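Quick one: structure below, then a few questions.
Per-chain numbering from 1; labels A, B, C and D assigned in written order.
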Amino acid sequence: MDAKPEMSAALRIRKESHLDLVLAGAGIVPATRNGFDAFCFEHCALPELDLADIDLSTEWLGKPLSVPLLISSMTGGALRAERINHHLAEAAEALRIPFGVGSQRVSLEGESDSGLTHRLRDLMPSVPLLSNIGAAQLIDAKGIDVARRAVETIRADALIVHLNPLQEALQPEGDTNWRGILPAIEQLVLALGAPVVVKEVGAGLSPSVARRLADAGVAAVDVAGSGGTSWAAIEAARGATERQRAIAQPFADWGLPTPQAIASVRAALPNIFVIGSGGIRNGVDAAKAIRLGADLVGQAAGILGPALDSTEAVIEAYGVTIEQLRISCFCAGAGDLQALRQVPLLPANGVFAS
Amino acid sequence: MDAKPEMSAALRIRKESHLDLVLAGAGIVPATRNGFDAFCFEHCALPELDLADIDLSTEWLGKPLSVPLLISSMTGGALRAERINHHLAEAAEALRIPFGVGSQRVSLEGESDSGLTHRLRDLMPSVPLLSNIGAAQLIDAKGIDVARRAVETIRADALIVHLNPLQEALQPEGDTNWRGILPAIEQLVLALGAPVVVKEVGAGLSPSVARRLADAGVAAVDVAGSGGTSWAAIEAARGATERQRAIAQPFADWGLPTPQAIASVRAALPNIFVIGSGGIRNGVDAAKAIRLGADLVGQAAGILGPALDSTEAVIEAYGVTIEQLRISCFCAGAGDLQALRQVPLLPANGVFAS
Amino acid sequence: MDAKPEMSAALRIRKESHLDLVLAGAGIVPATRNGFDAFCFEHCALPELDLADIDLSTEWLGKPLSVPLLISSMTGGALRAERINHHLAEAAEALRIPFGVGSQRVSLEGESDSGLTHRLRDLMPSVPLLSNIGAAQLIDAKGIDVARRAVETIRADALIVHLNPLQEALQPEGDTNWRGILPAIEQLVLALGAPVVVKEVGAGLSPSVARRLADAGVAAVDVAGSGGTSWAAIEAARGATERQRAIAQPFADWGLPTPQAIASVRAALPNIFVIGSGGIRNGVDAAKAIRLGADLVGQAAGILGPALDSTEAVIEAYGVTIEQLRISCFCAGAGDLQALRQVPLLPANGVFAS
Amino acid sequence: MDAKPEMSAALRIRKESHLDLVLAGAGIVPATRNGFDAFCFEHCALPELDLADIDLSTEWLGKPLSVPLLISSMTGGALRAERINHHLAEAAEALRIPFGVGSQRVSLEGESDSGLTHRLRDLMPSVPLLSNIGAAQLIDAKGIDVARRAVETIRADALIVHLNPLQEALQPEGDTNWRGILPAIEQLVLALGAPVVVKEVGAGLSPSVARRLADAGVAAVDVAGSGGTSWAAIEAARGATERQRAIAQPFADWGLPTPQAIASVRAALPNIFVIGSGGIRNGVDAAKAIRLGADLVGQAAGILGPALDSTEAVIEAYGVTIEQLRISCFCAGAGDLQALRQVPLLPANGVFAS
C-alpha cells in the first residue's frame, strides 16, 4: 500500500487517483459476486425482544465498544488524507468504535504527516486507535523500529500489519520479496509491546495463513476477503501502462470471498479474535459476518465518500449500518451478539426438496 | 400495519400511497425470486378424470368452502378501504371463500370505520369472515379487549393476529417492543371465545415459530412468506426519509420463501391448519402450495386491483385462479385436494442424471 | 386437437391461425428451457470409423427405415393441410422415414378431407404411414369404429392415439371428460387389428402413464415432452378471450421435459418401443434422444415451414438433421444406433471437481 | 486442417478468411462457457517467497524451457503464413518456449512453403520446434513418408499429429474416413525416429482416447479442449453454403471443456506428458491448467493477432502471460511448478455451507 521514498511524488498523485476510482466504484467487481447474497437468516416472526434493548456492545483491546464495527484502514493521497483521518477519528469517538488508520509509511518517512500525529489520538481518547504498516516493511533492518514509531506517533492501542502480496505484485514498484515475513511478524509480536493485528487488503486470509499467524502470536486477524474493493480491478482500470492493466485484469476476481474466509478461519481457530471485512455493504452483511464467526466487522470503501465529506456524514452512514444490524438481530430473534452467533442460516434460493 | 392514533392523518395518507405502490408492483422483488418456479408437477397424460367433476371443496371454521382459497387481509387508506372491503365481501360470498379484513386498529380507534361494521357481515352471511389486529396491540393493557371488539364489530368467525416485526422495525413509529407477545397470544386464545389465527405479512413463519404458536393453542397459521409483497421493498422505494429508505433497502429480500415455509411448517406440524400465502400469482402456484401442505391458499396484492374496481372484477380474477387450480389437478391426475397432496413433484430444470 | 362438428368453421379458422403462430415461433418457450442443452456427449477424437459407413438404418412396423426419424403428426387448417400432407408423404417416401398424419377427426366427419385419403398412401408405398385420432374420441360409443375408419381411409400401418388433457382443458370447447380412456385404449388394442401407438402433444408421458399404456398393450409410446411446441404458450398468446389467455399463461412451461421423459420411460420399460419428440431442434438433439433411450425421434413444429413450402424443402431440412445425427455418431465414436446408445454422456457446464 | 491438393487455390482463400474470423473472435463461443472460471486458487496472503525467484523453468524434448508455455500450431493462408511463422519462431527463441507450426500439408505438396523450411529452424536453434500433419494423412500409403518429410523439412524436434474428426466432418471436402488411424499412429511411433505428439484442435481428448494413444507409444498428448477456438462456430458463421452453416451450428459447443479434459486425462494417465490448451486466455488460466495436470500450456487464437504484427508483439503478449503465471504462483504460495501442482483449488462462487 506504500510508496517507495524516491517515488513518493508520483505515487502520491497515483494514490489520489486511486481514491477517485474507489469513490467511482471501479474497485468493486459486479455485485453478483458478493458471497453474502448466497445465504440468509431464518426470519423469526416472534422475536420476544424489544428492538430498543438489543445489545450490540462488545469490547476490544480493553475498551468498550457500542457496536461490533470498525473503520478499516485507508491511505489516501496527502491532499485529502488529513481531512479524512480527522473526520474518521471524530466519528469513531462519537460512535464508540475502533478506527484503523491507513498505512503510515509515507508519513513516517517524513514526507507529509496526513494528520497521523499525536493530535489524532486527542480526537478519540476512549476508543481503540490502530496503527498500520505493510508486512514488507517489517523485513527491513529497521522494521521493528518503524513499527514502534508507527504506534508511538499516533499513540495507538495496537498495530495492524497488512499482507498484500497480490497488490504489491501488481504495482510497478511493489515490494515483492516476501521471504522472512512470518519470522519478522513473530519477532514483532515479541518486541513491540503492543498487540499486533494482521490483515489482508481484499484478497482474504485463508485458514492456513490464519493458523500460521496465530502460532506467531498475533492478537487478531482481519480476513479482508474478496467481494469488495479489488486492487486488481483498480489496476486493470487504471494501471500506469497498458501492460500493467493487461497483467492485472484476470486477477480482478482473485481471492477468498469474505464469508468463506470468515467461516473457515473461525472453524480452524475457534478462539482467535476475527475481524470480518471485504465487501460489507450494509448491516445485514455485517450481521451475516458476525453469524459466521467475526468478532468485529470492518468497512473501507463504503465509508470513503462520507469520510471525505464530514464527521457527521460518517456518523450518519454508520447510523444506517447499525440500525440494519440491530433490525437483523431483531428479525433473527437474537437479543445480543452471542445469540446472533447461534441463529439458523439458510441458503438463499435454496434448492427446494419436497 | 397500523398507525399510532396521534399520527393517523399523516399515516392514512401514507397508506394511500402504499396502495398505489403495491398496485404499481413496487412491493414485488423480481419474479425470478419466486420460489414456486423451482419445482413442478409430473404431468399426467392419462388423468382418468372428468375436469367438471374435480372436487375442490373444503371447509373451514365449520363452514363449507367451494375452493381452498382465501382473500388475505389488506388495510388500505380510508379513502378506498370501504369500497375495497365491500367488493371483497360480496365476492367472498359469491365465490364461497373466506375473507380476512385488514387491520382494524384505525377503525377501532374510532377514526374512520373503513366499512368494517356489522353491515360487512350482512354481505357475506355464509362464509368465514376474519378480523385482524397486530400482535403488538395485544401487549397493551387493553389488548384482549381490543381483540374482542375487533371480532364483535364485524361479527367475525375468527381473529387473525398478524406478526410483522420487520415491517414495524422499518416504519418510523413502528411498534418494536415484542416482549410478551407469545404469552399474550396464549392469553388471547383462552379468553377470546373465537378461534385465533396467526400470520406474517410477507416474511414467513418458520417451523419453530409455528410450533410455539401451535403450543399456544392457535387454530391456524398463515405462513405469509417472502416472494410476493415485500414491505421492505416498498419502504426502500418510498420511505419517509432518505435514511429510512437506506435502512430498508437490504431487507427487500429478507424472509422465508413461501414454498419453503409451507413445506417446513407442514413437516414440523403435521396436524395444524396451514394457510399458504405470499407471492401466489395464479392457480398453478396455489396447487403447488396445497401439494406442499397448505389447507387454504391466500392472495393479497394480486387482487388489490380487482378489489378497487368491482365485485365482479374480484369474482372474475378468482375465476381464473380457480380454473387454473382445477386444470392443475386435472393434469396432475388428482380428483380432489386429498389426491393433489399425494402427486409427485419434480425439480424444474432438474439436473439431468443419465 | 379437434373441433366439435358444430364449431368446425370457426375452429378451422382458429387452426389456420395456430399454424401461423407455430410458424412464428409463438409456441416455443425460450430456448434456455430446452433440456437437451443440459448434457453432452464425450467427444471421441479417435473414432476409428468412416463417416460414410455409419449405419443409421432401423426398422419399424416391419418396414426398413434409412434413419431413426419420424415426421410427427400435425393437423392444419383445411386450407393448407392438403398441401402439407402431400409434401410430407412424398418426403417420407424419399427419405424412407415414417409419417404420422395429424388428427383425422375433421376429415372423418366429412367436412374436408385435407388430403387424408387413399391417395396419400400411394405417395408413400414403402414406409410406415400412421393414422391419428384423439383419445377423447375413443370413449364415444362409436370410438372403435372411428379408429378403424381412420386407419382404413388412408391405409395406415398403425394408429396413433394422442393424449392431450392440458390442451383440451385450455381450449374453450375441449373434451375434458377423460374417464374411461385407458379401458377404451385396451379395447382398441384388442379390436383394431393394427398396432396402436399412444403419444402426448408436448407435455410428456411420465413413466407411470407409459407403464399403464404398456399394460394396455400399446405397440409404442411417443413421449412428446415439453421444451418444444407448447399449446399453453400458444393459447396464452392468442386464446379466444382475455380470460382464456390468462388461464393458459402459467401453463406455458407445464410438462415433462423431453430428455427426462425419454430417460425415465426407458428406465421403467426397457423393452417398449419409444419415440422421443418435443423440442427436437437438430440432429445433435436427436442423437441425445436416441442415447437416452428413444428408438425413433420425431419433429413437428420444426418441419412445418418446409412442409408448407415443398417436398424438396422437407427433404432438405431432414438432410441437415440426418447429417448432424451422422456427425454426432462419428464424433461420439459410434458406428450405429446400438453403439450410440452406449457412449458416455456428460453434464454440460459440469461442476468441476478437483 | 488441410486442403485437398486439387482444391488448394479455393481453400487457401478460405483459410485466409478463417484467419480473419478467428481474429474477429468469431471462433469463440461466449466467455461464460470457459470452464476455467468455475474454480479458483486459495489465496495465500503469506507466500514466504520472492516473486523474482519463482522458478517456472521446465524442459521438454531434452531442451530447457524458461516457462511451461507453448505456441500452438496454426495454419494460415499462404499470404500471411510466412510472416506469422517467422515472427513466432523468433519469439519462441527469445522466450525460450517451444513452437509448433501449423499443418504442413499444403507446403509439403509443394504449393507454397509458408516459410516452413530449413531456415525456420535457424531462427530458433535452442528450443523445440514441432512439425504438424493431420491424422487423416497418415492412413495414406505414403503416410509415414509424409510425416518424415514434415519433420525433416523444418528439422523439427518432434511431430505433432492432429486429430480433428469434427472439423473434417464439417468441412465440405473433409477427410472423413478415420479407420486405421490408431494403428497408423502406432506404426508412425515405431518408424519415425522422432517423438510423436497427438493433439485435438478444440474439441478435446478424452481419457479413453488418451489412453489408447499412450498405449500406441506417443510421447505426449495435447488435449486442445473446448472453450476456446471452435471450428464449428466458425463454420456456422461462414460455411461455404447455407446447408454447411446449418449443419455446423449445433456443434458450436461440442467438445470436452479444457479443464475437464486436462484433469481427467491426468487422472487416467499419471505419467504421460500432457499439454493443456483450448481457451487459455491469460496466465491465470495457464496456472490453473498446470494445477490440474498440464506439463505445458498452449495458446493459438490468442496470439494470432500479435503474430501477424511482429516478433516483439508476440514477445510482449507472452510477457504478460508469463507475469500473470508468475503472480499466480506467488499468490498461491508456490515457488515452482511442482509446488503449484499441490496448492488447493476452490469452486468459484462455491456454495456456502454454514
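Miscellaneous remarks
The criterion applied here is as follows: a residue touches a chain if its C-beta (ideal position, glycine included) is under 8 Å from a C-beta of that chain, and two chains touch if they have at least 3 such contacts.
Nothing here was measured: the structure is a model prediction, and the numbers come from that model.
Comparing the contact residues of chain A and chain B by number shows a mostly separate set, under half of all numbers used being common to the two copies.
The geometric centre of chain B is 61 Å away from that of chain D, both derived from CA atoms.
Rounded to whole angstrom units, the spacing between the C-alpha centres of chain A and chain D is 43. Residue positions of chain A touching 2 or more other chains: there are none.
Shown here, the protein chains touch around one cycle, each chain meeting exactly two partners. Residue ranges of chain B in contact with chain A, taken from their complex: 33, 35, 38-39, 163-166, 169-170, 176-182, 200, 203-206, 208-209, 212-213, 226, 243, 246-247, 249-251, 253-257, 259-260, 263, 291-292, 345, 347. On the chain C side of its complex with chain D, the touching residues are 40-52, 281-285, 316, 319-320, 323-324, 327, 330-331, 346, 348-352, 354.
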